[in-house]
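Shared chain: chain A. Partners: chain B in the first complex, chain C in the second.
The block that comes next holds the complex of A and B.
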């Protein structure tokens, strides 16, 4: 045991020497980097601990989490976020019981109605208008609702683009190409303005749902292209095999094509959803007070004026953390899917 | 499916779409009548009556909306092209550092890529603008012999002036895109078989010469399509200029929409200006791609 350890350390050193100090140029670069890292770390820690004034962050923590949600009712979004967090932890390092693993997807889907119920209120909870929603809660709500809506729409669009019917194929490819050509902020801005114009008089949708619809329309075009890539990489023999088993066309699509395409497209879809999460920040310049919007309104407060760096560093680390959680969850899902495949 | 079944299905979908579009247009006309706005483009030639801080061509507030939009389009083009060049340069450097032999350098570039990719672009732009430029105090400017002049108004470089809005956008977009370009470059380099590296080393070529003469030409066909899509993303992301107050095509469109209330016309104009930008980028990249393929064939 001990011998192996020493050997591995020697190998490690040899590897280091080979990669870091192979020639003079490389050695100089390595030392410069070490110096740079040292200086950067020193100044960062000095700033983080001594110079930075974290008052703008610490005294506003509930604002970052819940926006202007009435303080008495803030336990409701808190419960939702904590349950999402627990669900992630459970998915990642929970026990491997079969019934649990089977029911986890249901729990994930069920968390959305739960969140909406907790935010909207009604049925025993006092109702709260959507203009009071804000902060990280709103960011997560926008992300979760838009991704859940855009996934089926994207699948349908991808299937339509692969369809043998020329009209359907043409229409869906026009939609996808046009959506992919325009910037997201334009879709969101004109979504806010145009959606009410296309609705009959008297029917109104609030800002949050207009944003969710605009995000859905936009992201589904990108998801459609990712899934199309997945569909195209499925060998044609799969369809032939299914045909010879006597499955009809809908069964082939539902049981053979979509599961495989989703598995192949999963890394790309993860990137889309992480991108969607980051892009919800655009709503900050379009009048919703989500995470970045809260940051902006705090910076506009004369009490915290000029504390840009602290607020931005804090926001960046929150975004970074949630993105990392999403990426880790997706990698976990990917691994499970390949394990399932290996079992068959 | 049988042929007549197919035709029937398409016919049904056609009718459904017609009805849907009919209902939507009906709603739209009712709503437009209610607000008193019709649908026409004659307002484009009325005076815009707003000032623009930045205009590459002469512009005054008495010029027409159409001219203002064109100026905005030029402003967009200016920031897209300049950050495209800067991002490609930065991204290539980082991509090479990421794939290079020095593992510490690789680690640092991997960290750079993760941090940049995991934070929203809008936040980064605000950081560069409010912290990077407006954070510079009036008395804290760098001046080198009247040639290079950095202050919170921007940079003045031997007679050329760049506003701080433009520079913040340029830096933010370039750094954000460079992280994605670095990944494209890395993918391209990794797509070259290992045998090629071993072959040029055994031929006695130096590392840098082998990289330039052997590896990069073979990596380019894999890199160009990825680069094109990153450039298109860059063009779309440049519309976040509105957050730092740079008057690009979207910002001007936004102002006009708020001023005139003509959301549908403005949306159509924006759509076409972006189709034009996209066509410009894809065609240029297509020409570059063809040149590269050609030069490789006859070399």
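The block that comes next holds the complex of A and C.
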């Protein structure tokens, strides 16, 4: 054991000497870069540990997590977030039991009604209005609800765009083109400010839901294009083989084309969902107090005035963590699907 | 002897008057094996693909298992035919996202509405007949070409078809893997399966077929029993083709 370690260290050193210190010029450059990294690290850590005042972060942790959710009821969003975290861990490191793997997607989809029930209340829990929702909870809620709604809508749009009926084909491609031509912030403004004007008096859609619908309409156009790419890369012989077995058009789409298209489009879809997660921060401008909105309202408090850097560094690291979890989950899913179909 | 396939004057033309099929007529009786030969582009693939509606035709009539189809290409009738006719392709065309067993049980479960367990049992039986039941849980990309093609045959057999169509089933295979597929086809022929086979395998055609149909530029040049076709073909064009094939052996 000890021998192996020494050996590997020697190999490592030889490798370093060959690559980084092969001549005087390289050696100078190597030392300069090491110096630069060292100085940068030193000042960063010095600021993080000694200079920064983390009071604006530490004393407001529940606010970042749950917004203005009533303190007595904050265990409800806490349970939801923890269950999502546990579900992620289970998906990544859980045992390879067949029944577990079969039911995990159901658990993921089921986590959304669970979250809505815990937030809304009712049926034994005290009801809480959506204007009290906030913080990371609201950010995650916006992301998962919009993702889950935009995926089927995107699939339908992609299929319509491939349709042989000219009217349907035209309509869906117009929709996709228009949505891709409008900036997201305009769609969100439309959802927040204009939709209430169009609705008849007495009918009111929750602000959170208006945001979710706006995100869904926007993202589904992009998802549709990703899935169309997947559909187009499936060779026509797959459809022929399915035809020769007597499967009908609907079955071919559902059993042969969509599963393969989703697998091919998965990396692009991951991109869309991570982008969606980050774009939920635009809602801070439009008056929803999600994660960034909480940060802004804390900075508006005279007690924490001027602590911009601390708050934004903290927010960035939270966004980074959630994005990393999403990316790792997506990679895991990709690997599980790739094992089965290395090349086709 | 009941005819399974009756084609009358099938004609299909592409634009510019090119004819993929030119007045093709033929009959295949139950339990018989028809081998279709011809140079590439002669329309032999197009011909057998009309039998299960993968290709349309402009003129003529087709009677498959008593179901009559004409150039109007009635979708319902074609669906009926497809449930009773199996097809094996040159490139196997297995579904890469499904396991071997799922590939085989897909159509029985979703088209014939059989129970999953029943379909799996029959699928395993078919795989064990071909000696590849140990691969049932694997995915197509993990199998060799010969194995994939045998899975494709099992997939076609899972619907208990009354007619099997083979579109150059060994052309995409390693020379060493060809026999494992041909042996499977021989076994099916011995069991009395009615088959139409597009192939260049002369040995298979000699041993197994009841009739050889030779095509060139969409026309049927001749239809003969294999012993006559290979030893003493009636047409100059057929002899020329066979000479070419011999040179390549």
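Everything below uses one rule, namely that the second predicted complex is superposed on the first by the 307 of 344 C-alpha atoms of A that agree within 3 Å, B and C clash if a C-alpha of one lies under 4 Å from a C-alpha of the other, contacts with A are read in each partner's own complex, and residues count from 1 in each chain.
Quick note on the criterion: a residue touches a chain if its C-beta (ideal position, glycine included) is under 8 Å from a C-beta of that chain, and two chains touch if they have at least 3 such contacts.
What you see is a predicted model, and the numbers here were worked out from it, not measured in a lab.
Student: With both complexes superposed on chain A, which partner does A:95 reach: first (chain B), second (chain C), both or neither?
Tutor: The answer is neither, since A:95 touches no partner chain.
Student: Please indicate which partner A:22 is in contact with in the superposed arrangement: first for chain B, second for chain C, both, or neither.
Tutor: A:22 contacts chain B only, not chain C.
Student: According to the stated criteria, A:240 is in contact with first (chain B), second (chain C), both, or neither; which is it?
Tutor: second
Student: For A:122, decide between first (touching chain B), second (touching chain C), both and neither.
Tutor: After superposition on chain A, A:122 lies in contact with neither partner.
Student: After the superposition on A, what does A:186 contact: first (chain B), second (chain C), both or neither?
Tutor: Once the two structures are laid over each other on A, A:186 reaches chain B alone.
Student: Quick one: classify A:113 as touching chain B (first), chain C (second), both or neither.
Tutor: neither
Student: Which one hits more chain A residues, chain B or chain C?
Tutor: It is B that touches the greater number of chain A residues.
Student: Share the list of chain A residues that count as touching for chain B in one structure and for chain C in the other.
Tutor: Dual-contact residues (chain A): none.
Student: Which chain C residues qualify as touching chain A in the complex?
Tutor: It comes out as residues 52-54, 79, 82-83, 85-87, 89, 91, 93-97, 99, 106-107, 110-111, 139-142, 155-156, 159.
Student: Chain B touches which residues of chain A in the complex?
Tutor: Those residues of chain A that touch chain B are 16, 19-20, 22, 26, 29-30, 33-34, 37, 164-168, 171, 178, 181-186, 189-190, 193-194, 196-201, 249, 274, 278-279, 281-282, 284-285, 292, 299, 308-309, 312, 315-316, 319-320, 323-324.
Student: Show which residues of chain A lie in contact with chain C when the two form their complex.
Tutor: So the residues of chain A touching chain C come out as 237-238, 240-248, 251, 255-256, 259-260, 263, 337, 340-344.
Student: Using the touch definition up top, name the residues of chain B that touch chain A in the complex.
Tutor: 1, 6, 9-10, 13-14, 17, 24, 27-28, 30-32, 34, 101-105, 108, 115, 118-123, 126-127, 130-131, 135, 236-240, 242-243, 250, 253-254, 257, 263-264, 266-267, 270-271, 274-275, 278
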